[in-house]
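Lettered A, B, C, D, E, F and G in written order, each chain numbered from 1.
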Amino acid sequence: MKTLILRTASNYLLPLLLLFSVFILLRGHYLPGGGFIGGLIASIAFVLHAFANGLENTKSLLRTHPGFLMPVGLTLAVISGLAPGIFGLPFMTGLWYDEAIPVIGMIGSALFFDIGVYLVVIGVTLTIIFTISESA
Amino acid sequence: MEILLALMTGVLYAAGIYMILRRSLVKLILGLILLGNGVNLLIFLLGGITKGKPPVIPDGPAVLGEVFAAPLPQALILTAIVISFGLQSFAIVLIKRAYKVVKTDDLDEMNTTDENA
Amino acid sequence: MIYTYLYYVILPILTLSVILIFYRFLKGPSISDRVIALDLLITTGIGIIAVYSIIVNQSTFLDIAMILALIAFLSTVAFSYYLEKKRNNE
Amino acid sequence: MRTPFLMNLLLTFVWLALSGNFSLANTLFGFLMSFAIMWIISLNSENRKYFRIAPKTIGFVFFFLAELTKANIQVAIEVMTPKSTMKPGIVRYPLEAKSDFEITLLANLISLTPGTCSLDVSTDRKVLYIHAMYIGDKEKFIRDIQNGFERRLLAILR
Amino acid sequence: MAQRILSIIGSSIALIFSIVLFSLVWQNGTMVIQAGNWEAPYGITMVSDTLSATLVLLTGILGLAISVFAAGSIVNARARFGFFPILHFLFMGLCGSFLAGDIFNLYVWFEIIIISSFVLLTIGGEKAQIEGAVKYFTLNILASVIFLTAIAVLYGITGTLNMADLSLKIAAIEDKTLVNICAMIFFVGFGIKSAVFPLYFWLPASYHTPPHAVAAIFGGLLTKVGVYAMIRVFTLIFTLDPFLENVLMGVAMLTLFSGAVGALVQRNLQKIFSYLIICHIGFMVAGLGMGSTLALTGAIFYMIHDIVVKANLFMVGGLLYRINGTSNIKRMGEMYARYPLLSLLMTVPLFSLVGIPPLSGFWPKLSLIMGGLETGNYVLIGFILFGSFMTLLIIAKVWAEVFWKKKEVTNPPANFRFFEAHTQREKILILIPIIFLSILSLGIGFGAGPIQALSERISGELSDVSTYITIVLGEKSN
Amino acid sequence: MLLAVLSGFIFALLLVPFGKVLKGKWSILLSILPLALFIFFLQKIPQVIDGAILERNQWVPQLGINLDFNLDGLSLIFALMITGVGTMVFIYTSYYLKGHVYLDRFFGFLCLFMGAMLGLVLSENLITLFLFWELTSISSFFLIGFNNEDPASRKSALIALSVTGLGGLCLLAAGLVIHGITDSFSIVDMLQSSTMMQDHSFFMAVVCLIFGAAFTKSAQFPFHFWLPGAMKAPTPVSTYLHSATMVKAGIYLLFRLSPAFSGSELWHYSLWCVGGATMVYAAFQTLFRDDLKSILAYSTVSALGILVFLIGLGTEEAMLAGLVFLLVHALYKATLFLMTGIIDHAAHTRNVSELSGLRKVMLPVAVAGFLAALSNAGIPPSFGFIGKDLIYEASLHTGVFPLISTVALVSTNVMLLFAGFLAGVRPFIGPLPTKYKDLQAGSPRLWVPTLILATLCLVIGLAPGLISNSLIAPALVALGIQDYALDLKLWHGFNTVLALSATTIGLGLGLFFLLKPSLNREEQMLKWEKYSPLAFFEGMGSLTFRFSTLWTGMVQNGYLRNYILVILLFLMALIGYGMWGNFHPKIDFTQLLDLTFYETGIMAIMLGAIVFTVFTGSRLTAVAAMGVVGYSLCLLFVFYSAPDLAMTQFAIDTLTVILFVLVLYRLPKYLPFSDSRVRVRDGIVALGFGGMITLLALGVLSDPMVSEVSEYYSANAYKLAKGKNVVNVILVDFRGMDTLVEITVLVIAALGVFGLMKLRLKSRERIR
Amino acid sequence: MNEIIILLLMSLGSVFVLLAAIGLVRMPDLYLRISVTTKAATLGIGLILASAAVYFQETSVSTRILAIIFFILLTAPVGAHLLGRASYITGVPLWKKSVLDELKGKYKKTDHSLSSNEK
């Protein structure tokens, strides 16, 4: 869709939505939110951008194929699940750093797990939507 | 309210089933989505519902108050929702591909693989 | 006082609005009418959630309203995209 | 160099507002995050003169709110009364505004004002097509917008 | 090529792990991992009893075999689009399902299996694949919905998801009406996945369409997961009431019948094998339904045998397809004359399937029939014999058509790359797994003693679940 | 003995790598195997006379299945027959199929068969017996289909396999039922619990199953038809499997089990009837045959009938007669078959009507044929005479209809004599047609084995002592007949039996001279085939096939919606059964008073949207309405305290709408496909199912549960897992593994979408 | 005091929403419906949200509510524009009593580019 209004609006919406998605991601352990919904919002941001500016522009904005986020996120999630193994604990045992950090709260393996989820959800959603609209 | 929700669940199932019994591929997938919603609502309902008390521990106390909504069914549904999203996307793409290859979304015309051959 | 008022006055008004909007959704006649009704439904939904968050005294629900506000727009964009692309189909 | 920086600050602020925590650590975190996001999307925005126009902006907001309320009441009456006095139509409105941002903002404000709705901008950005509920006099209609919204808006933006 | 090598290495490592797991379980009994270090029933428990360990071991073995086969038979284009990773996800899903000690976790693993099988079924697919996939997809999703419905009801009754905990909670319920209804919903959900009559429709519609490497996993393991789940749920969580036993046996009979009868009329080799999968699922369900330990032993043994043999058969089917340029047995032929050694090799899976003694398919039938006599299910025995006889007939027919008959001269598909045209390396990669699995099934047949002992141990564990529960729940089990 | 049995299999296996070498002139070396085994068993005779030799080898002890072998008199006779005839056949084959491309395979199957057959007669375990039994069927299958490019061969092989396979299953079932009675697979145990067996309620089943096995294997009427068909196999196979050994497996089984069953009327009368019918019917068939092998095949069937008949008589004399006739038949029939092979090999025809005067060109063969015919006819001093003598003796002294029995036997023998002469004498007498002038008997490897067997017919006749104490007596012991006054000899003086023999010979020779074979008559007879058991069997086969096609087409009809309907109806039937009568959900209608209008309103909208989704005629409207359903659900989640769910539901719903929209605009119109009756039906099913779910939900809710697990999470989310949003804590910590798997599902789905849309195989790559 | 503000804002807001709803039902053509809904609802929801901000009296809540209002103000007109444009392109008719249509024929059929010419 070639509309100037949408294009301009989307340029402002994109960073806002992305910021918001990170916000939702990080607070998930304390309030409603988390990796899924955060990832969904981030992907929606990019999809919106793609609707407004065309797929090619969004892709060049991302520099890499979104599919690349999937293995990254999955690896991050798996590593944060396996990390306890170093300390002789079973798979997926929570590890925590004792000091709380503003907004995020406690830093622990669960956070990295959630970030992994976030990345995977972005990668997956964008891959799906981009693929479909490319071959539409 | 449980009664109404139970009815609603039944309606979702019924609608989903009616839709997947149609001949159109699109209806089929809409039906599956409806069924997915029905299942989610069923888990939600049978896990026990509570009004206005989300399972989020407020600032201060370390545990939830007396009355709160059961968190486990919610977590299960969340997982189920996301999984069905993955499947749905695949299904939707499958419609597209099917239409391209078979040139129809009439399911009745997709039966060559069931011929005795 | 607030709760009673919200409960017995505001929410019924909003619910009535939702039903009216839904009537338009059902009636159409064009897809665009339905899309606009859908959009308005969600917007009204944001209002209902806001009122509900006051009634049950849970500011958490406002986050949902926020998400609705953010995302609802996208379905309108998508439908417009569809309408423009498809034209003589359907 | 300056524009991105301002954008960055803006985003940091939004972050602080969202999280409701104005501590130093959070500010720093918000800044870094916004930086990261901007780096990712390498946005080319045009919101120069961000600080200079602040007072005018506030004035404009009040003007806009007044217009909004006025028009809303008009629409309310229209909706509630059984007899229609509407003379709707699509008007071709020649734009003074030039940049994307100006045009978009103007179009959106027009849309937000009841009774009017920006349908589209011509591909060469010279014309805005507006749907309006009451077009008694087309020229007056255009003039009102030119002297109202567009002038004030451009005063802020330029 | 790198993907292929990685895939084979990965499978080898997985196989080593599964061997280690099996030997640990064999020596020390049931093992438990509490994921996240949360004690059961609060976290997700992975349990490996002998049944699970055995199935994981078999998955490991098939995993390696099929990785090798796929390395030789999958075209580069498919490999570029993630064929190998998804293949391994599928194996992961299978292992996860076998080890899950939590009913919802089982559901999640099932979804991994479903989605990866969809993908393997459809990528690069043309008309037939897509048509098959639509049915496969819909009915499997329907199965998932039914499964999830059952989980909802189960959770609504008990408030827990851990299978050991469920076992205790269900046992404590006095009015079994809801429990029995729930059991039936589970039965239908798993019944669709394990392709029993009248729920199997998706299988003949799709199994003959994907690449043969994929068909081999499907044929070997996919339906077995359904059977596994059925066995697990109906031994651990629910006790079969007489009605459900009768349903299972009735279903088993019709499954045997329909599968056999269906295979008889097919001309597509892969389709024949597909119907035979259905037929032979009947044996396993029958073993479960009879409700005797001996019959259950038979079902377990049958499962072990069938996993190896069916996977091998589909690979053999793939090889025959490559040699003949078609899967239609009417247009195949002369294998016996042209490939004597291959023919000899192929007799192993073919006749193991029939259960010509002492090949592997024979032994479990013995336990099944004895179990049937023990419990007085004579009609069921009749159907078991019928199924065996039909299998014999069908395989003999296949033999006569494919191996003996003189091949008619037909035009091969354009651009078809016959087996002869394959590189030496591809040929070897295709043949090795077939040889390996054939030797394995010979081993199962001739070394039936140990496998029988294993199956007996498994059915013993399944018949007395108290150990399982104690190990999972610790002192909470009292 | 294990080694003896296994040696056949080992040789068969060795032929895989070394077959190429042996295919040439060395193939005769393979006959060392049967010869060695023959000698092995010969030297066991003294031991066997003293008592049976039992050897135990464990195999699957859990099931009581062991490779136990028992060499007693009965087994010994069979073992010697198998290895002895085997030796001759091996030698014969080495020339007969000289230079054949598949000679190695042929020998492989022969070795396999020999091993299996030995295992069969030596097994002391019912299951191992079954195992070897099946192996003989399989090797027979491969041998009958040896000329695999001939469709008739393949068909015969399939028919033979299906008949014998069916019988095999009967044997298996019988073995298992016997196990159920005696709790053991041991044959010895079974023989010892004869009374227990006969009193058991399953006795009849056991007997019928055993009959099923024996009658199919030994080609008894009406299952005999596979045997004439099996003549498609090369002559050595017909000789070895289908006259001398394999077909006798059923006889062996009956002999073996007779001690346990004798005394049962069912046993005796059935065998008498079936055996009698078979021998007469098959002998009668020989009158109309022209093809040598066909004649021999029917006469074999008839001889098998005689054996069954004798076992049915069940007296000690009958058993003795049976044992002797077994040997007699093996010798003369093997000779005749081998002889036929030589003729066929040389003259390229087997039609008796075309053959004459061959004695002039192949004298040794003629001699062999003549000797065999003598034995067959029971003309003294051949071994056959002794056999026939004993048979008449037995039938005259039987308690079961002696007159009918004797008449049947005599008429059978008359016709068999005709058949034997037809095969063994007829081709050699008369003038030699010119076209056969240059024929030769061929290699000694062909005619020497033939002649040896023929000579034995004479030698044993002259010196029955050779076998009476060494073989027959121990065999009788094995059959439970102790201390029988055994006296085998040619001359018993003038008596009824001699008169019967003379009558038989006279009538038979008369028939031989009167009835000339002709192709024409054979063809006449073939017209009746459509009323034969074979035709019936084939008819059943095609009926089964037609039914199968019908059934499969009906079940797997290609219509997805039918599949779904069947599955749902099945599920509904099960749930309905579960609910029937004892399902009483306690529904508390007072809770409806707590309902707020906003809940009601949202649900009403949801209901409306659902109905609209279902019935709207536009795809896009349906998608939009679906969106409304999702958004209403989202609001319900808000009302019932599930913020995370509400958010996710909303986001996913929107994304789904986007996906649909991206896909839909290329799809064709959305037509109402089905007619109204179907829709009403589907509507009823759907509503019924939905109603069940509602009821079920209410049923579950009427007894509210307290989830200890859920409470644990709420209590420990912050304390142990350091999070306050309990749902998120469950997702990333308590049940993090679900989440991990779930994102994997997403990744696979994305890969799948990518591949499905992007991957297009070139035609060269379409290979599966 | 707060209560009164809340009630006032709420009442106004909900009335505007209701008006939008009624407008949606009553307006004769799509473009008028779009016109009505974008504004009335935006204002109404803005007011309701504002009253929630007053009620909770927390910075984090208020800022969040500001964010929501901001989003709605940004997206609602864009949405209206998109839908209006798409509807016009797909040929959704104007109300028959419309007085003017200067957009007629300005869209190019092929790529939907919009000309600015007066005629």
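Here, a residue touches a chain if its C-beta (ideal position, glycine included) is under 8 Å from a C-beta of that chain, and two chains touch if they have at least 3 such contacts.
Keep in mind that this is a model prediction, so the values were computed, not measured.
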Quiz item: Along the shortest chain of touching chains, how many steps lie between chain B and chain C?
Solution: 1
Quiz item: Of the other chains, whose C-alpha centre is the longest way from the centre of chain F?
Solution: D
Quiz item: Counting in whole Å, what is the centre-to-centre distance of chain B and chain F, each centre being its mean C-alpha position?
Solution: 49
Quiz prompt | Length of the line joining the C-alpha centres of chain F and chain G, rounded to whole Å | solution = 79
Quiz item: Quick one: chain C and chain G, Cα centre-to-centre, how many Å?
Solution: 12
Self-check item: Length of the line joining the C-alpha centres of chain A and chain E, rounded to whole Å
Solution: 37
Quiz item: Can you list the residues of chain A that touch 2 or more other chains?
Solution: 1-3, 5-6, 9, 12, 16, 20, 30-33, 36-37, 41, 44, 47, 91-92, 94, 121, 124, 128, 131-132, 135-136
Exercise. Could you list the positions in chain D whose residues touch two or more of the other chains?
Key: 14, 18-19, 21, 107-108, 118, 120-121, 123
Exercise. Would you pick out the residues of chain C that each touch at least 2 other chains?
Key: 14, 18, 31, 35, 52, 60-61, 63-64, 66-67, 70-74, 77-81, 84-85
Exercise. Spell out all pairs of chains that touch, sorted by label.
Key: A-B, A-C, A-D, A-E, A-F, A-G, B-C, B-E, B-F, C-F, C-G, D-G, E-F
Self-check item: Partner chain E, residues of chain A touching it in the complex
Solution: 84, 89-94
Quiz item: Touching chain C in the complex: which residues of chain F?
Solution: 596-598, 601-602, 604-605, 608-609, 612, 618-621, 624-625, 627-628, 631, 634-635, 638-639, 643, 646-647, 650-651, 654, 657-658, 661-662, 664-670
Exercise. Going by the contact rule at the top, pick out the chain A residues touching chain G in the complex.
Key: 1-3, 5-6, 9, 12-13, 16, 20
Quiz item: Hey, which residues of chain F end up touching chain B in the complex?
Solution: 549, 552-553, 556-561, 564-565, 568, 587-589, 591-592, 594-595, 599-600, 603, 606-607, 610-611, 613-614, 619, 622-623, 626, 629-630, 633, 636-637, 639-645, 648-649, 652, 655-656, 659-660, 663-664, 666-668, 670-671, 673-674, 682-683, 685-687, 689-694, 697-698, 700-701, 704-705, 707, 709-710, 713-715, 717-719, 724-727, 729-731, 734-735, 738-739, 742-743, 745-746, 748-750, 752-753, 756-757
Quiz item: In their complex, what parts of chain A are in touch with chain C?
Solution: 1, 6, 17, 20, 24, 31-33, 37, 41, 44, 47-48, 51-52, 136
